Every structure is written in structure tokens, then in C-alpha cells.
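Next come two complexes built around chain A: one with chain B, the other with chain C.
The block that comes next holds the complex of A and B.
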């Protein structure tokens, strides 16, 4: 991927490299030894990009991004957390297996520089089976799932679009200081915060040690956003409907962006 | 068996609905006593977090009352509410709580009667829905 530097004129490259038998994200400068690059690991580059872009003031960063990374970057650019001019996005197409794992309906990056676009997955089975349950059964199902939560905050920390410095969920008003599980409100608050920005990358579900089907919940909420406001998160043009008036004008203040 | 008396939280905006509730009280309009009114400065300050917390702790219904669209003291506060609260109800539906437990309505300062109607109707609705299932659940 030397092409990132020569063709696209980037100063840094953020990619995943093989290190000690593991895959790890690295930031490479021009002329650094790339070693073995890995493109088969689903890894949220956007998180790392947001963190390092605070320290890299000059130069453009090339990032190897999947479609979900691309959409997450669009969300963050809209909220002025990333500067699009400093970024070079190198599209990485997901493999069929990864698409199946994420139940991804939009897997193809705008320019597939690495790999070939595979067909998108069909509708999420888990989400539609939960949707078809009657309300009391659905509540029982989710309570069983949320009971497994051990408040590790993995879903929050690994989420590419969770950007608040002070997370509301760390306040004891919403999450009890002592004891697990944190209750129903914890997951619902996350659901509503991500409603207008979740890009369905599936990182919350992957990082959950208790295998709570969080991606199914995200997908259901995103379907609602689509139905209610005709809004898909990751759209680089449109402002989130929750931050505009009913006529679609931007609000005077963005207040709590989260 | 005694009748189920729902426990309802009503968030009223300081400028319209709270004054409307006041008017209803001054006019001695009869309404069910199940409603606990919380005064907030604007209906937009009712974040979904508060609704979720109330519902997950066993409140039977949450009523959010604000100024009519266009009358907001803060110009566009209730626009925010108008989008947020329906989304909140939708998310509750996704995890299996009846979305009718969260209701949004507009009551102006002059509409004491409307306040009475909204509250009476909401209490009746919640009565027919039964107690919040989260009451039974201990996490």
C-alpha cells in the first residue's frame, strides 16, 4: 500500500499490521517498514483516527477504511470532530464472511481500492425475529440479554461514533455506581444516543464479552430512524434530524450533540 | 381487588403547560390524582434518558407536555421534543415496552381544560394497559 503515499499524497498511513502474530493498528510515515499488512481483521479504524488526529496537526492521514468506517468518518466530519481535508480514505471491501457476520446491508466502499465488493447481506434475521415477538415476550428476551451485561463499557469505548469526553453513562444518575447489571436504562440510553449516528459496524456486538445482540438493537433503531425521518446515518450531506427543526433548519445551538 | 392506580410522571414546560396545569387547578377542574407533575424549563430538557430511567424503575407512564409548535419560549425547543419523544417511544417498543406509555402533547397556558382532558385520557389509557412490567423485574 505504498500507493497511499505516492498516488494519494498522504503523509501518514493508518493501517493494520501483523505484529507478534497479532494484528495491530499502526501509524506509518513515508519510508517506514510496513511489514505484513492485514486486511482481513474487522477493526474500527475510526476510533483510532479520532484519537490520533488530535495530535497530528500537519499532514494528511491516509486510512484504510471499510464502508462502515467511511460512514463513521462522515458522521464525525459533520460534527466537526475530524477534518475531511486532512484525510485520504482508502476503501477496503469486506469479505463475504465478514458481511455475513455483520449482516451488513451496505458493504461496498465508495472506491474499493483493496479487495472486491461482495453482495450485501439480506435483512437481519435476529432483528426481524425479535420484531415479530409480541411485546411481553420481547421484553423478557431483552431482559434476559441485558442481565448478562457486566458494565464493562466495551460497547461504549469501542464505538466509532461515541465521541463525548464525559460519558453520560458514567454518571451515577443513570448507571448505578455499585453492582451489575446496570439495568435496562443503560442500554436504552445508548440506543437513543446512537440513533442518529450508528453506522452498524457491529463493533459493540463484537466487543461485548457477554454476547448481547446489540447490533440487532442498533439495526432496529436505525430502521425506525429511516421510517420516521427518512434518515440514514453516515450520510455526509444531511444533518441529523434530531439536531434540526421540524422544517429541517439547523438549531441555533447544537447543545448536547450526544 | 382494588383498582389499579397508575403512577404517572408528567413533565410540564414552565412557560405553557405548567401554567396550563395551574389554570386547571385554579378552575377546580376534576382530574385523576395519579399524576406527578415535574416542572422543567422547556419540554426539550426532557431528555430521553430521564424517560428511560423512569420507565425502567417502574413508572407506569410518562407524559411530556410542552408549548404548541411555534410558541416555544426558546423558539425551537419543542421542535427537538417533537422528534425526540416519538423516537424514545419507538425504542421502548423495540425492547418490549408499550410505546403508549410515553405520550407527547402540547398544552398552552390558556388550555386548562385541555390539560384536564389530556391527563384524564392518559390515565385511562394507562389503566387499560395495566402496570408497567418493569415493576416486577429486578435487575
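The block that comes next holds the complex of A and C.
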């Protein structure tokens, strides 16, 4: 609280606190009673922040952010979807348990204001075991996984870098209406669509009621991005290599549309 | 604060997921899942994610209305309440209090249902109070009461994840109870066997270990068949049967005749599948049964529920974690509405109105003489309106003009009434016929509690103000109670109402707001220091020993004929909810399943020359509707399916009001129909 309001001059603080025995998102103003703050439950803060910023016209918002939030914010700022001047980032270092859960290779925020940086994970067991399957089995595996999808759209709604107002993938072209599961196109187009944005926060996999290993899928695509373009999303400086012309010159557009 | 997050309970299905309503500038603008909630664990289904969408809809009722001729005109609360009270008094004086029928609602809170039944019993003086549980799980309440002594889900939602085998029947779980369905998927991923028995292929049956499609209305046959195989293979739990049950010998005699061959001829289920399923279920250490309307909505629904209870008891799958017989309740608070006594034969907490001692307890608590006669079921009330026995109805948040079987009949019955008052949030098909209409607050605009299908009592918290002059149903019920009875309705908050309910209903005895604010408590919870109960019947059954019921297969009330060769069954889809009042006003949900349709098997369609999306006419002995065909291989040949959400082609114009003799639940799942090109 003190850090946000006094040292860093924020007008609001977005954090997680204890309410009704649950971990609850909360927006606080200076002088509010924060109660018990919680740092153990990974809410997708960037997504909540983007929703809030539509309603807060003035003032700076401090947000308790993990490393993946920092990177997600960078992706949004690059596309002019968030204004960095209105933000105060309070870095939260992820616990070992959290790192294990996300198989996270980049867990340490630029300034660890809360908690201590723990060692990154080496590789994603889930992704490597899928990759070690023979190709036909791999397809069967994914088909069986995607059969479990019940179109809650939690994976898109809670995604920090899914920023289109109306998701075209939710339209009937890709997810035939009136039934579940949606076709493969929904998951595969989405995987490719996120290729230059996904920061591996793991929220899609956590939100998925059906335990579809969505983070493993994202990690596999991100590995390809790294291999093919030497690009990692969440880099505040570099523009996505997918937003260049075939000659490699940057395109005019910011890539802020679907 | 410009933006708030209010923890509350989902207003759709009985799973009871909690989530945060995001409120900005006094409006509900979004939903954020609650990561630490035991039930939803940070996930929701598409309905939950869109639960804010209808709250601000411009169709919301915002002021009371009184009928003048053909028109409903704006009135003050004072006028409208007075009008209801004076009509109720007049009709009660002229024809007796039993000429009035009160409908409570599974969309209202526990506190509201408690008050509504109290208005009926203590202010009007009749036990004629019922609600839509009659249409969904009346047979569960009756059947499980007889078999086990308690009509509720025996186990809890999180337990599905740890079962070794789950038998799902008559439940399209992934669409109707999505977050219970996904628990079943989690169990499957951990290696549990999933058996689905349903006339339609469902999203769950497609990933199940064994999927069997039975002919609608033949369920006793396959259940008895499984029990027969289990006994002949000696897979039954002799110890459990001897120690905890009665009536096994009679059961064994009856099921002997249900050989796999005979079951195949009655149900169409292949012998091998039945044998594998029986062995799979019986050899699992922890096996759960989950079922819903596909079992209950039959004219032998009570017997079907008892047959499932037989199956669980034969294998000793009751009274332990991840076992049991688990009815999945459809509405957010249908469990609570039953708990709170919105039933014609039971006071709050499932206490009989015909029992003199219980009655005197309630007479003492409410300081009033109470009727000795048990009341009328919702499904009988419309018949009685036609014959003139029922003269008035007071309807809280129900839409019988869509939800009840044979709507044509309902419409004729309503037109015979002298007076009908409806309290609702939207101008439903029923509101349009009312004499007085009162605008109610929706779940986001009031405090209270809902009880989920697994008996978890969960807080509903006010996030925004109701639109216009709308008021919460609990205040409306208090106002009416005061006008009709004088005292006994001076409650300042839902908290006080729950305190009174806890005092008279022992299963809620230890539940109060202080606890609900901080923890999830499941009834029975008899005292403040009681932790609540996850698994029922652990040591003994509520009635001592579990009772086996020898049940024979009987054909459904209506069979197919040359004129009506198809079996019509009805149900829900994922995106719409019940009569569509709320979901059809939520853009994303409406986009997914905008209009009415009928599912028909590919072969039947080819034979009748019908292509996908063609307009077809469906006729039953009661009515005709026209809608689009959806040709699919996912439904059994000879059976058609219509979701009942759509007023423009209401499935319940066709359905049969044939009733289960014990529970008075209608047979929504089977009626004979004919399909033609329109």
C-alpha cells in the first residue's frame, strides 16, 4: 500500500485481498482499509487491469504484477492498448510452487518488490511428452483433449493478450453454434493467432474447466517462434516479426486488430 | 469505489458456482471467476461468464402494473399490493383459502421461498404452495425419501473427481451442469471409467468409456438388467446388503427376469455393453451415479429413482466418499426452494404437514392455526383451475406458460381464473396474462442464499440497485404477508428470515449469515458448532435401513402409433436456460443458439426427405409447432429432441401432462409425435 501510494504516487491500487474466506480482486484508493492482502493466488491481473482501465478515466493505477504480467503489459503498450504513464507496476516474485505449476522459464520481475526470485523451471514436461509421441498419436491426443472443450471461452476471456472486442473465433465461422465441442479450428487458429503475443502466464490452462493442456500448446508454438524468428513475446522493444513485410520491413499497422 | 468485485452465486444451474460480479458506475459489467471457490475452482461455463448480461436489459420490469381491460397499466406499489391483498381476501372468503394456489420459485432465494410458503400457509391459510421442482425432481424427492430417507444428493460435487467409476444417465451433464460435467472429465483423465446411458449421444457420451443408447422410457429394464448381472456374477456387496438394507430377496426375485436378452428387446441396448457396464460399475471401489431429468421426468419417475437407489445399494455404493446416488438439480435454487418448504406436503426442512406434532410445532412458531390438509401440486393446479376449484394464483418468478406440459391446457386454465398476480423480472409469457404484475429484483440486486445441488448453502450478494421501482421478492412477500395476516412478517433483512427458518428446520439449524459469509456449509447442519455434512448416510440411513424396491418395467404413458410414429423427448442446450427469459436477453448466449430447432436422426430425415435447417412441422396429440430441423447422427433413430427454451415454438405445446402417481411430475421425456415438412 505504502509503496503504491506514497513512494510511487499511484491513485489506485489493484491487488488481491481476502474477502469472505476467498481471494478476491480489489481496487483500493489511498486510505482504504486493505484488510489481508494475498499474493498466493494467481489471478490474471493484466486482464483485470485492462477491464478496469475502461472505467477509470483519470489517475494512475498501481498493479501487483508478476513477470508474465509485465510482459503482457509490454505487449499491450506496444499496441497502444494501455498507456504505461498511467501505470505503476509493483513486482511480485512467483513462489517455487507457482513456477512449477506454470513450468515458467522467466519468473523474476524487473523489480521484485514482493517476495524473492526463485529459480526458473527448465523445460515443460507436458510439452516434451506430447512432442515425443509419434505424429498420428499426437493428433489423436489433441483430438481427445479438444473433445472436452465446452466453449466456456474462459481461455479467451481471461487471456491478457486477447484484446479484440469481439472475438472472431467465437463467431460461428470457427465454432459452429448450437453445440459443443467446437471444431479443431477454434483451438488451432487461436494457437497461431497468439504466436507473437502469448506470454505464457498459464491463465488459459488454469481457467479451462476441462483441464485441456493449453499452456503446453502455447509453449510449443512459442518455441517455434523462437526457433524461426528468434522472437520472444513480451519484449517491450521489439516488434513482432509477424508484423513485417515479406522483405522484413516493419508494417505501418500496430497489430492492434485481430 | 468506481470498480467493485462482489462475490456472489451463479443464477443459472444448480452447480452453484461462485464468481465476482464486476460493478462499474453502478452497473454490472462483467464476471470474474473466483479462483479459490471450492465448487468452480476458478472456472465457469459460458452462462456464468455472461451472468451480468441480462441484468441491465431494457426489457426489465420497472414498475407495478394493474390490468384494465386488455391493457396492463402503470400503478403504484401501494395500489398493486392492496389489489392483490383484497382479491386474495375476497376469494378466500367466498371459496375458502384452498381456492388459492401460490407458486414459489427456484430462482428466488431460500429466504424468499421460506416467506412465500409462509404467506401461503400462515397468511392465506392453505398448503397450496409449490414450484417448478414439481417439474424436475419431484420424483427424486419422493423416491430417495422412500429408499434412503432423504431426498437430496447423497454426495458432493468435488467428489466426482475422485470416483473410480461414474454412471451418468438422463443427464447431458456437460451442457446442463457444465462444471459438474468437467469434474467427470477430470475423473476420466485420472483413469476413472465413465458410463453414459442416454437416448441421445451427448458431448459426455462421446468421451465416455461405455455409451449406451436406450429407447426413451425403458430405463427400469436396463437398471434391473444391470442388477441381475451383478447378482449372478456375485459382484454384489453382501455385507452391506445384510447390515444396512431390507427387501433384498424381493428385489432379487424381480430382477431375475431381466436377462440381457430381454433387456435388449425392451431397450435396444446390446447384451455385451450391458454386461460390461454392470461389471465395470460393480467392480469399482468408489462408484457414483449421477442423473437428471432423463430419469425423473417420466410417469414412473419415482420408481426410476428408486431403481437407481437399488443399484447403488446392491453394490454398497452409498455412504462413502465418491459414491452415492446424485440427482443433479437444475435451477440455482431448486434445492433450496424444496428445503424451504415450497412444497404442498412439506413444511421447511421436509417435515410433513399431515403430521400433527409437526403441525403444532409450526402453529406455535407462526402463532396461527394451520391447515391440516396437504396442498395441491403445481401440475394439478391447472386442472383444478379448469374445473373451477382454483380461483386465483399468486406466482413468484415462474413462467408456466412456457415451462409446464401441454401449454394449451395451461392457457385455458389461466383464462378461467378470477385473479392472477405475477411477480417477475421480465415480461414473460405468463406476465402478459396477469391481472397484477409486480417488478422484482434479480439475483444481482439482493442479498440472500441459494442452496446448490450438493446441499451447499451459498451467499447471494447485492451488487447493484434494482431498476426503476423493482423490489426484491422477500420484501414483496413481507408486504403481502403483512397486508393479509398482520403480524409474523416484520423482517428487516434476509438474515432475519434465515434465522427464523433455521429455528424451525433442523437441517438448517446451525446455518446463519455469520457462517455463510465466511464458509461453505452443507446441510444437514443441526447446530452452530456442526461443520455441515458432505456425505449422507455414512453410518446408517436417515430411515435406519435402506429400502430396496422391487420395480417392474412399465411402458410410458403414451406410446407411438401409426399416426404419431416418433418419440419426442425434450431438454436443454448449453447456451439457453429454461424458458429463455434471461439467456435469450444475453447477446453471446443468444448468438450461440438463437432459435428453436428439433434434432432428428440422419436416417429418419432421409426417409422423410428432410434436409438440415429445413422447416418442419411437429404434431402431438396436444398441439403443433413449426421449427427448423437439425439433422444429426447423435440421436437414436425414431426419437426426436426439442430444447424447451423457445416461446415461438414451445416444446411444451406438445408434451404430455401424464403424471407420476407419487410425485405428480409430468412425462416431459416421452410423448408420441409426427414430423412433416412445413
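Everything below uses one rule, namely that the second predicted complex is superposed on the first by the 251 of 258 C-alpha atoms of A that agree within 3 Å, B and C clash if a C-alpha of one lies under 4 Å from a C-alpha of the other, contacts with A are read in each partner's own complex, and residues count from 1 in each chain.
We adopt the following convention: a contact is a pair of C-beta atoms (placed from the backbone, for glycine too) under 8 Å apart; a residue touches a chain by one contact, two chains touch by 3 or more.
Treat the numbers as computed from the prediction; the structure is a model and nothing was measured.
Novice: Touch test for A:7: chain B only (first), chain C only (second), both, or neither?
Specialist: neither
Novice: According to the stated criteria, A:51 is in contact with first (chain B), second (chain C), both, or neither; which is it?
Specialist: A:51 contacts chain C only, not chain B.
Novice: Go through the superposed model and pick first if A:235 touches only chain B, second if only chain C, both, or neither.
Specialist: The answer is neither, since A:235 touches no partner chain.
Novice: I'd like to know which partner A:123 touches here: chain B for first, chain C for second, both or neither.
Specialist: neither
Novice: Give one of first, second, both or neither to describe whether A:195 is in contact with chain B, with chain C, with both, or with none.
Specialist: The first partner, chain B, only.
Novice: Is A:96 in contact with chain B, with chain C, with both, or with neither (first, second, both, neither)?
Specialist: After superposition on chain A, A:96 lies in contact with neither partner.
Novice: For A:181, select first, second, both or neither according to whether it touches chain B, chain C, the two together, or no partner.
Specialist: both
Novice: Touching A:147, do we find chain B (first), chain C (second), both, or neither?
Specialist: Both chain B and chain C are touched by A:147.
Novice: Residue by residue on chain A, keep only those touching chain B in one complex and chain C in the other, then list them.
Specialist: Residues common to the chain A contacts of chain C and of chain B are 147, 181, listed in rising order.
Novice: Help me check something: in the complex, which residues belonging to chain A touch chain B?
Specialist: Counting only chain A, the residues touching chain B are 130, 133, 135-143, 146-147, 168, 173-174, 181-185, 187-189, 191-192, 195, 217, 220-221, 224-225, 228-229, 241-242, 244-246, 251-252, 256.
Novice: Please name which positions on chain B make contact with chain A in the complex.
Specialist: Within the complex, chain B touches chain A at residues 47-49, 52-53, 55-57, 69, 75-76, 79-80, 82-84, 86-88, 90-98, 133-134, 137, 139.
Novice: Which stretch or stretches of chain A touch chain C in the complex?
Specialist: Listed in rising order, the residues of chain A that touch chain C are 19-29, 32, 41-43, 48, 51-52, 54-56, 144, 147-148, 150-154, 157-158, 170-172, 177-181, 206-211.
Novice: Please give the residue numbers of chain C that touch chain A in the complex, ascending.
Specialist: 1-5, 7, 18, 20, 22, 24-25, 29-30, 32-37, 42-46, 48-49, 174-175, 178-179, 181-182, 185-186, 189, 203, 206-207, 459, 517-519, 573-575, 588, 591-594, 597, 630
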